[in-house]
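Chain naming follows the written order as A, B and C, and within any one chain the residues start at number 1.
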Amino acid sequence: MSERTLAAAPSRRWALPPLARLRGMALRWTSPLVLLALWEIIGRLGLVRPFLLPPLESVVARLGEDIADGALLNNAAITLYHALAGFVLSVAIGVPLGLLIARRRAFRWFCEPVVSVGFPMPKIAFLPIFMLWFGVFDLSKIVMVTFSTVFTVIAAADAGARGVETRLVWSAQSLGARSLAVFWEVALPASMPQILTGLQVALPQSMIIAVGAEMLMGGAGLGGAMMQAGSYADAVGVYAGIVETAAVGMIAVVLMARLRAWLLRWHAEFNPR
Amino acid sequence: MRTFVRYAPLLILAVLWEAVTRLGLVSVQLLPPLSTVLASFASLVSDGSLLGNGAQSMLRAVAGLGAAIIVGFILGAGMALRPRFEATVGPLVELFYPLPKSALIPLVMVWFGLGDMAKGFLIFLGCLLPVVLGTYNGLRGVDHVLVWSAQSLGASRRAVLREVLLPAAMPQILTGLRTAVAFAFLLMVASELIIANNGLGFLIGELGDNGAYPPMFAVILTVSALGFFADRGFVLLSDRLLRWRE
Amino acid sequence: MTDNSLGIDIAHVSHGYEPKNGPPVRALQDVSLTIPANSFHALLGPSGCGKSTLLFLVGGFLRIQSGSIRTVRGEVTAPGPERGIVFQNFALFPWKTVKQNVLYGIHKCGLRGTEADQRAQHFIDLVHLSGFEASFPSQLSGGMQQRAALARTLATDPDILLMDEPFGALDAQTRRIMQEELLSIWRASQKTVVFVTHDVAEAVYLSDTVSVMTARPGRIRQQVEAGFNRQTDTDVFKLPAFIELVEHVWELVRGEVDEARRQGF
């Protein structure tokens, strides 16, 4: 019988010989480094007014200051708090609701049109309403993030649960699973790939909204700090803020990808045959 | 009739909104009755402020989005078809991908001041990546067998691109464009709220600052409706373009 | 016939459905069939003849529209663990390992702890999957996935085993091996098996009785006694009697295949 064992199939990237790997890494870093070099050269030669493009070294120096005096850690923590609290809330609401919409007719009738209208709306426009209702502090920022991302999560869970194979449900039923068990033990895990794809969209969304809401409402956080720098014409502060925000965003994206790989370790995507 | 039944839940929500405010369950300061909001909508239309600001907003959104689609498609296709180009541009795309787009608002303010250019450029930058990634992934994902069969049937390089690669990549390209449309609205409103001198976002902010809540709700609903119909129109268009699927 | 020897009694079952686009379909028309306990019964016919529909009705997955289906436990109304099913595409839970898949039904029966564990291990060993307990289905070949699915179903000890073209997705060699192994498991276990297939030789090789079904609307055209499944040592496929019977059944099926093709399948 032609049955293959895949106990220790090495991932393709590490199968490359070391030299080729080194070359690949060098290639990846070439253009970002060239870009940084250009930035520095332009700054040194004074080709562009420093206000538009402050010298690389002053931005790096500012980053160092922000790290040293704890401003970066503080602002990043606050922004992450807004983004993640809103995101978690949106997952807690969106996943069960999406599954219910897919698998319970009454929910589908009521929620489907609401979601189909809510999904493409520019939700940021509701920000003044949330300011009116919840003030300008943490709560309204978190609610804004949840409201902006929850439709993405609902749509992903709905699409995932709708695509669940009937045979899987039948298998569970014939093995003795009741209706509620089918919901949690079959519909939820079977929708996991699509739910996680949705979350991979929703997490960057919540970062965008958290930063944007901080800019609009002021207060601490990366967005607030950048807005302040912008209004004081502190170009170095703006550039440093962008680098900091990008770094935080990068960490969030990478962690989410890790989480996906771990939760879907059973999936064919991570078990190439 | 079918549309009516389908959207009946929205009607229920609207009636509920009117009811809770009329019955005094919610303060009209926090939530003006729907009928009042609709009345302010009518007066906003008749005094021309909605149309004027709306036109300015839409002009910026369309300009930024249009530029992003053209540049993004070229970049994405170049990355997918030219390995050397991919090695140059790919890492930069990867680097900018996780940057929350709203962080660019202060940057465009520094570059372009508080004018139209700042907002248009912001929309352009924000919409660029979804288009690039949609095009790139779409073209890269095309099954080699399709290309080979076209080549063996005698198709030239150009014909393969036009008749095989593009149609096969179209679903993903359109998915990228749909995300870009949503981003265009998001960034349009956000930038107008922050860099406030005209446009629908500016109108929302100004009405809110003056405590004129019924018209503020009216403009917010208008923006939402615009976003909704833009997306619906786009979905209809892509369904037409993708008739061959199923 | 005493009640204990009853496997499945299908009486006057008709079934239709309305596809989203197209005219209503009569899948089954007045099907009656009695399958004795512990026998191996094949449902054979062209695609679209409703043989899978009949199997799903016995499984309780589809609502019975007219007629009735009875087992020794009474009227069929819903899925139940006394009627285990194996699907063509395995329908393993892809997020569970082989062991966790097999344990799923055992846990549903109320068995826990080491007892459940030993039971799962027994059936994993039975289908020769020892060593792959911790593998996910996506890491296994088609044949191994089908073994896991079989173990999962057998582990709840159903009286009746419903099999919907279970070897249809496997390559020819794997299919032969799986057929032999299924027979030896069946001979040792005393279960009633209903086996849906469109492969004539497979049906004749495996079953006590082959029911040849007509093209849509599906009916039982004829029942043919086979019974080669009780022989263990000779190579059945070379027996003249076997070849002759396959030929005979093929003639019966051929007319239906032509009819099905005329209907556009």
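The definition used in the following text is that a residue touches a chain if its C-beta (ideal position, glycine included) is under 8 Å from a C-beta of that chain, and two chains touch if they have at least 3 such contacts.
This one's a predicted model, so the numbers in the text were calculated from it and none came from an experiment.
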{"item": "Chain nearest the global centroid, as defined over all protein CA atoms shown", "value": "A"}
{"item": "Longest centre-to-centre distance from subunit B, chain (CA-based)", "value": "C"}
{"item": "Separation of subunit A from subunit C, taking each centre as the mean of its C-alpha atoms, in whole Å", "value": "46"}
{"item": "Subunit A and subunit B, separation of their C-alpha mean positions in angstrom", "value": "18"}
{"item": "Cα-centroid distance, subunit B relative to subunit C, in whole angstrom", "value": "52"}
{"item": "Complex contact set, residues of subunit A against subunit B", "value": "27-32, 35, 51-52, 109-111, 113-114, 117, 119-129, 131-133, 204, 207-212, 215-216, 222-223, 226-227, 229-230, 233, 235, 238-239, 241-242, 245-246, 249-250, 252-253"}
{"item": "Subunit C-facing residues of subunit A, complex", "value": "1-4, 6, 165, 167-168, 170-177, 181, 185-186, 189-190, 192, 265-268, 271, 273"}
{"item": "Residues of subunit C touching subunit A in the complex", "value": "56, 59-61, 78-81, 83-85, 87, 89, 91-97, 104-105, 108-109, 136-141, 143-144, 152-153, 156, 171, 173-174, 177"}
{"item": "Subunit B - residues contacting subunit A, complex", "value": "6-10, 12-13, 30, 87-92, 95-107, 109-111, 182, 185-186, 188-190, 193-194, 200-201, 204-205, 208, 213, 216-217, 219-220, 223-224, 227-228, 230-232"}
